[in-house]
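Should a chain be cited, it is by its letter among A, B, C, D, E and F, assigned in written order, with residues numbered from 1 in that chain.
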Amino acid sequence: MPDSLADFQKARADLNDESLGCGHLGIKRFFALDHQAYEPGPLGSKTKELLGLVASAVLRCDDCITYHLVRAAEDGWSRDEVIDALNVALVVGGSITIPHVRRAFGRMREIDGLKPISAAEK
Amino acid sequence: MPDSLADFQKARADLNDESLGCGHLGIKRFFALDHQAYEPGPLGSKTKELLGLVASAVLRCDDCITYHLVRAAEDGWSRDEVIDALNVALVVGGSITIPHVRRAFGRMREIDGLKPISAAEK
Amino acid sequence: MPDSLADFQKARADLNDESLGCGHLGIKRFFALDHQAYEPGPLGSKTKELLGLVASAVLRCDDCITYHLVRAAEDGWSRDEVIDALNVALVVGGSITIPHVRRAFGRMREIDGLKPISAAEK
Amino acid sequence: MPDSLADFQKARADLNDESLGCGHLGIKRFFALDHQAYEPGPLGSKTKELLGLVASAVLRCDDCITYHLVRAAEDGWSRDEVIDALNVALVVGGSITIPHVRRAFGRMREIDGLKPISAAEK
Amino acid sequence: MPDSLADFQKARADLNDESLGCGHLGIKRFFALDHQAYEPGPLGSKTKELLGLVASAVLRCDDCITYHLVRAAEDGWSRDEVIDALNVALVVGGSITIPHVRRAFGRMREIDGLKPISAAEK
Amino acid sequence: MPDSLADFQKARADLNDESLGCGHLGIKRFFALDHQAYEPGPLGSKTKELLGLVASAVLRCDDCITYHLVRAAEDGWSRDEVIDALNVALVVGGSITIPHVRRAFGRMREIDGLKPISAAEK
């Protein structure tokens, strides 16, 4: 886990700005469509964030997992619920996902609402 | 879509029996663990089936999608909710998932509760 | 290769209609964005079709390969050029792509402009 | 499992001939390199066939699995050993590989040396 | 983006030397075949580099993207053309490729010919 | 290669403890099943470690490759045998696996029994 959550978010915002500001309409639209996919519809945003987390985990994308962990906490999912979702990803995706699940546990140490009890008590 | 849902389920049951009856304890345990991942825990079964569906769609496994569509309908997810989940998978997984999303629409024609209105009225 | 190109295209069009007509705006927009990605921009459509073909081949999606082979022929790419692109995909994607490259050769037998000489002479 | 092993092998040989005979030197060399990877070296061919089988299973390529099952049987691997290798693939690759493991069990019914006892006795 | 382009290229060259010098003929031949795939044939090298870039992006390999960005600039592709190719990769590969597209934008800051206008003016 | 093998193993052990200690029975069972897959059965542990290495390489997981390289050396596989297995992975998985194979060569410099001759002599 080379970067802190704050460093990750700063680098992400910087490069997102550059990606969105590059002048390519297709990329701009894709980012918008990605954002809209998690807005309330037949399913609520809270449910869809968990779908995004599991999709990110089985596709083994650490940055995507970090993003959805933060959003899941904001939407009110508890640590135990997030872990239960990660377990579905682990079984579907197999032991090749273990390093990503491991790093998800590391990331949760930095996210209010998802911290382990010992860390949360501090 | 070469097989009907009934044919798919028959072939699946036949080969599941053979896989489970092969005498390898690890395979038997894996199938059990896979089953348990969708049982009620911090998250309910209904939510977990939708996680399984989206994981199957982004990993582009038609058989897995069919299985989770059937289970999602049994758990009470509506056609519109399932489509909203497939949209998350489509955006996360990209246009390479389109053939699988397309076949998911074909499969839903055969599943009570997920049929399109015109087909459901028949 | 279970289906002829004509059967594939008919089934594809049927399920595309249902996918697009399902009433979900996100899915409709995604299909539009996918279409727009191949329209002329800084790169011409012809070049972008070849990019789509190679992306489909390394991601091992037979339906996507078939679609882009048809489009590549319409855009004027020759059999030898398409094969040269498939070779890039084969080297990048490895021998796991061989069954898909093999089926691409089978599909080219049905596509004017991409047929092998012996078949084209008939 | 739409095709018998014999049908699979006939279609595979037909399209392999066309792929190799297309006149592209890179494709020809790739097929040769793929063949050489399983020839005796620091590791014997028998061991390497099992590596090829597990690689094919975790990458979820049915045709590749069929090919390596046939070769594994020819090299003298027993049914129980092959199943033990498939179990490694199942755990590494997760439940998304189950349909492929299931079809591997179906395919083994057609391969001398890998048949289940009841089928082998016939 | 932990390493500068110069650091990446130095580490890459060091380990390439060791990989090629390990005495395994198959690995040596594979590296040669990979190199040859981008040499002029029915398609020119310039086109093939763009195919390699898109293949690398949909398969989500940062090192491969960096390598092909450098080569694409050397072959004369402009920033806008490269971005148009990355847009195809983004649509085909979905939002799971966004972190890699983002890092590609970061990498382009270091590559002459692909820098954003503000950076290029400095 | 940002971390030394010792740093990797320390971070891995730390997060493994947290993952296993999180109280989710499914995750605990999955880790156990993963461990058991490499224990002696119809195939010996030594063979199964090599299967795990190749599966890790074609699925392009650096942490998994590092883990299995260490285990392969402990089980007595020589450098040449490990390289021969990596060659199978390279051919099956294609040039997209090259960065991972390259890093495997870097990692072997730190593992007794897998070091290159010049390094081993030191």
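Here is the rule we go by: a contact is a pair of C-beta atoms (placed from the backbone, for glycine too) under 8 Å apart; a residue touches a chain by one contact, two chains touch by 3 or more.
All values derive from a computational prediction rather than experimental measurement.
If you match contact pairs by residue number, over half of those in A-B turn up again in just one of B-E, D-F or A-F, and that pair is D-F.
Compared with chain D, the chain whose C-alpha mean position is the greatest distance off is A.
Counting every residue number used by either copy at the chain C-chain F contact, over half are found in both chains. With centres set at the average Cα position, the gap from chain E to chain F is 27 Å. Between chain A and chain D, the centres computed from C-alpha atoms are 37 Å apart. Multi-chain contact residues of chain B (touching two or more other chains) are listed as 2, 24, 26, 30, 33-34, 37, 41, 55-56, 58-59, 80, 83-84, 87, 90-93, 95-96. By the touch criterion given at the top, residues 24, 26, 29-30, 33, 36-37, 41 of chain C touch chain A in their complex. By the touch criterion given at the top, residues 2, 11-12, 15-16, 18-19, 22-24, 26-27, 30-31, 34, 37, 55-56, 59, 61, 63-64 of chain F touch chain A in their complex.
The residues of chain F lying in touch with chain D in their complex are 33-34, 37-38, 41-43, 47-48, 50-52, 54-56, 58-59, 78, 80-81, 83-85, 87-89, 91-93. By the touch criterion given at the top, residues 1-2, 60, 80, 83-84, 86-87, 90-91, 95-96, 98-99, 101-103, 105-106, 116 of chain C touch chain D in their complex. Taken in their complex, chain D has these residues touching chain A: 58, 90-97.
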